[in-house]
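Letters A, B, C and D mark the chains as written, and numbering starts fresh at 1 in each.
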């Protein structure tokens, strides 16, 4: 669409996404109507289920936390043109890292020593699990997409073996570790607020949400404000030029992957340290894969990633409520709705760009052609 | 429209193969073509010149159907026609050689030529016919290429031929060439022009875009001049001269020759000693190369591209590790056992203007200001703090653009949105800023308009006079002759000899480039 | 010893069955990606194909109708992919993710609506499935020592779709390298500008590539649910689409090499599953999880060791706008 | 007023396995009493606790959790809501005054089908295909092995696990291949405990003209004449009783261990497999069952020490 004028930032970053979301919801509304429910009622439930109910917002943000971490993981690698599909495995192994720290240090050390170590453990293990594919790509030319997929399977095997074997809590049957000592529990938001006498509904939402927000900031600074970030982006956009500029391409790729894996690993702080306080079989539940969509829908920018994460949080939590409230709406129905929203406000994000641009020109909000 | 009678083929009254009227085209908010009128008599070679970004390619792309004009009319042989896609233009007998190669590197010559005219559902069907066509064209115009060679293995000159063969295969009657000589050696250019003349005599109408005025004077019958998206004039080539054309396109007077005083060389800053390099395929691409270079002098390196110049530059700038011999630079040494990476060399005071600005010189998706610190991003020009300081970079970039007259002077614009000449200026501005003691330059003015060329040459001379040792590799013999104090000619990875720029000429260099030793050449 | 050889033979036999859906999806992936479009929606198309095949076969009782319906359905999914990332230049990966999720939801919803068996489709009688084909002369050759066994176990006795998959590979290579379509397809994945300037529509070319891919995925799906299996089970594609994508890259986007990769994956899975809990000479019994991980470990080692840098189609992932 | 609720596990209420069994029980309850039961299928870990407390918020008076995965959640929610009744299946290690726990002796049922398999097998080789290598599945396998060996000490049992990701429970193609692999190695009766993957096992056995054994609910109908029998784990009974007792005010906390004796475990004999189960097979199974109920045979439960004697 070369001869449609470019959209102004505000329209591109706010108006267009809003329109897309609206269309996506309209489509879902039709689907819901087709199965004989009232769309407006349904969306009402969804919104209520995602924000209004006492603990609903907590759950929404709890999911958001996971998506922020996995989204950041994908985005970081993406800036180095590495397609990291391994977030799932890296987060899984990150849980292991947190657990090691919790079991080794937890019993003896106070929380202000244990927790940082656990968080570090999660990041370190995740980083390692991503660094190996990064190394193989940079030094041996093994394609990152395959190796990260393979490492997801490897992580799964490793964890089942550990959780159903050596690390399994005896005297019960689920493949999971023992509960960590309280020194390794991330405080729940409800507990924090309670300290200040504010009473909010109990939910899995915990401090790691703030950690995620911090991570967004770190990501922004890293990519756009540090020299390493500059090198990462250069390698991503033009490795030849990077070489010309004296940047060690292989090294940069490995570092970028390590950071990417660390972000993924941090997802475990939410699930393992914040919610379950133990490692559970398959606690990653696909958040790692969803991170791909989150990062790309968020255009690999922290604000975009946050909004995309929030959107997915709403879809997960609000979706659960839909399932809850309507007998005819099953969890597959919710899945379908999620798919539609990803399709229309993700993949078809630019569908309304040209018409919108022309419209804005017509109503004079954007200046049209001028001289070169 | 045209202010003067255009020269037409033979004595027949003007028949126009092509007429454009009121063509306009905008990209987003950029108006690339504004109300363009153009008449091209059939059977003539028609030159089109203009500064970088003047809108030449855009106009040609419209004519060829790659872009759709926002407004305007076209007539081919007097009959009005709508060209919606390149398919239409091909059907109308228009062929085009693009400014940037349209060849699939992983394909063979044959596959590239067949693309679009396979002559049947199976390649087998058309293969024979295409081979014949290639053979025929090859013989008639002396453009012989191996149909089974992979494009990625061919040098630019040969690729250019393949492009032309592609354009001609369908028997084009109007042939558009968008800066075909940008990457050619003088010899190759000569051959190309011979071919064009033959084509013209066969009645083919040719549109030739180039920045090189001497070429315009050499082959064209008429010439049209563009500036900032508009047609500013048409001339019959015989009735005009380079200076006038230059003034018309740039809008001011331009010097067409390099002005420089005598060199006053200082101590040796760079000495190359029996340097050798082996390609990944195991061929010797660089053989016992030796020379010295002093501060305050410019060593030009002439040679048909693909004779080891690239490898030499890569080694001198740390992008490639030598396989044999060594380089002594600024009192330090580069060799297989003690390699140096580009960073270290920059820190020592070396700067590098790469041969290909798109591959090495720039990150096209970065803003101009981000490109202006490429390679120096760990120095203070990105701020002294732990983090990059965008304001510092921005002011630095603005200042650079100011001094080098980069247009548009907008640090936040992506590099890819500058025209070729301005991109080159950005690279040079960056590399010269560090006022290096050794400067390695590859193809300083490839695809750059005369205005910019003049400017760039001035900069290089100024740097020389400031005591910098400069190596310039260029396929433009005129340029090498104009800039250099001494000239080394390379052939087959070796130095054929080093001559004083003062007492040599194009012919001698040309012969030496063909591998004939200096003495024999004299 | 002889027994070992027989087991090996049977493992190869299993390899073919396991590799068939991978091969078909991999060929689909090659068409899409060679045309410049990343296709992680193989998984979703496979699942869609599996469901539609089983559903239609169950309703009509005809395996063939099932097959064609599956092809149609997964071509439709391809068209959605194309609409998003060719026509509207959307992000190809996001579009792929969306399609995969849609498929997971859709299949089960439709399944419940049609058969009220929790998303499963009814078990098909053999006549409405593609069953193993006994080749001519199996009996006569049977008592010929080695050949007989090989002929009986390995060559003969597969479903039509298995043979179809194997035949389709050379056909794909032929189309890819010998036909006009193939030439243009490879070109558009490398340098769409060149295709455009040759007067060929980039858009339509890429759509066709996706359509071909959709058809292949449809066949693969049908194989899962009405040939190898006898009904649809939710999520039954179980990640095979992703493995196929890995095979495409492993095979450097080339038909025969991708075929090899698929067979390798199949063989590793067949082999290791037969070695589960078996006491191996010297090594002893290997923990099950480790055994289950062997295929992935081997793949990584191969990639790191022998397979060189794959060279992706140059224009992959970028929408074409002139 | 009385308001029952059930929370299915990840597998979903149509997992062809124990969630589906629970669903059968729920249906039966609703049909008999006309009381609607609130339902929810969790899709990730966090939803378990959420679903339970939401059920309580919406006025549920008795909440049934399905599967050991919900143990943590139910323990928590039960603690927070002492006046609501809770019940959970496949858990025995919790302790709360308002929580009933159902533990099943799958190993006993598996023992019986092991006996059947060994007797039916003409190659003295039988097979087992599990979903994932976790203790519960091991318990199935271990009981099965003991049963088979009890028939003839040199009976061989080939064992396979499907995978390590959740897909392991939904991969019929892989299941079929694992079964085929065992058939190739001589097995002619194959027992599966692998959810949706088991569908593939049953199919493969049928296609190869061999026998398979169903699990959890009665799967004989899935391939009449090929499914030898099914190991019944009467979670439907557990579900039904939970709600019935709560409705009639006879809800009791504590662990209810359901084995052969209690009729919580059994094996399926119906028109679909009547002619597969010969009289002496039936006799042998009944005999074994009698001995187990009388305690004469103590079937080892893998879960007690994470080892299997055989």
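Going forward, contacts are C-beta pairs under 8 Å (C-beta built on N, C-alpha and C of every residue); 3 or more make two chains touch, one makes a residue touch a chain.
Every value quoted in this text rests on a predicted model; they were computed, and no experiment measured them.
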| query | Which neighbours do subunit A and subunit C have in common? | reply | B, D
| remark: Chain centres computed over CA atoms; the one at greatest distance from subunit D is chain B
| said: Taking the mean of the C-alpha atoms as each chain's centre, how many Å separate subunit A from subunit D? | reply: 36
| Centre distance in Å when subunit B and subunit D are each reduced to the mean of their C-alpha atoms | 75
| task | Report the inter-chain centroid distance for subunit A and subunit B in whole angstrom, where each centroid is the mean of the CA atoms. | result | 46
| query | Where in subunit C do residues touch two or more other chains at once? | reply | 119, 289, 292-293, 322
| note | Going by residue number, subunit D touches two or more other chains at 12, 133, 163-165
| query | Touching two or more other chains, which residues of subunit A qualify? | reply | 2, 153, 157, 160-161, 330
| said: Strictly by the criterion at the top, what is the full list of touching chain pairs? | reply: A-B, A-C, A-D, B-C, C-D
| said: For the complex, give me every residue of subunit D touching subunit C. | reply: 12-16, 20, 133, 158-161, 163-165, 167, 170-174, 176-178, 180-181, 184-185, 196, 199-200, 203, 206-207, 222-223
| Residue numbers on subunit B that touch subunit A, as the complex places them | 25-32, 34, 53, 55, 67-68, 70, 228-229, 317-319, 341-346, 352, 354, 359-366, 370, 373-375, 377-378, 382, 386-388
| query | Within the complex, which stretch of subunit A touches subunit B? | reply | 2-6, 221, 224-227, 230-231, 233-234, 237-238, 240-241, 243-248, 367-372
| field | Contact set on subunit D toward subunit A in their complex | value | 12, 39-41, 43-47, 49-51, 53-54, 68-69, 71-72, 90-91, 93, 132-136, 163-166, 303, 306
| query | For subunit C, which residues count as touching subunit A in their complex? | reply | 80, 83-85, 88-91, 93-95, 97-106, 108-109, 112, 119, 242-243, 245-246, 249-250, 287, 289-290, 292-293, 296-297, 299-300, 303-305, 307-310, 321-322
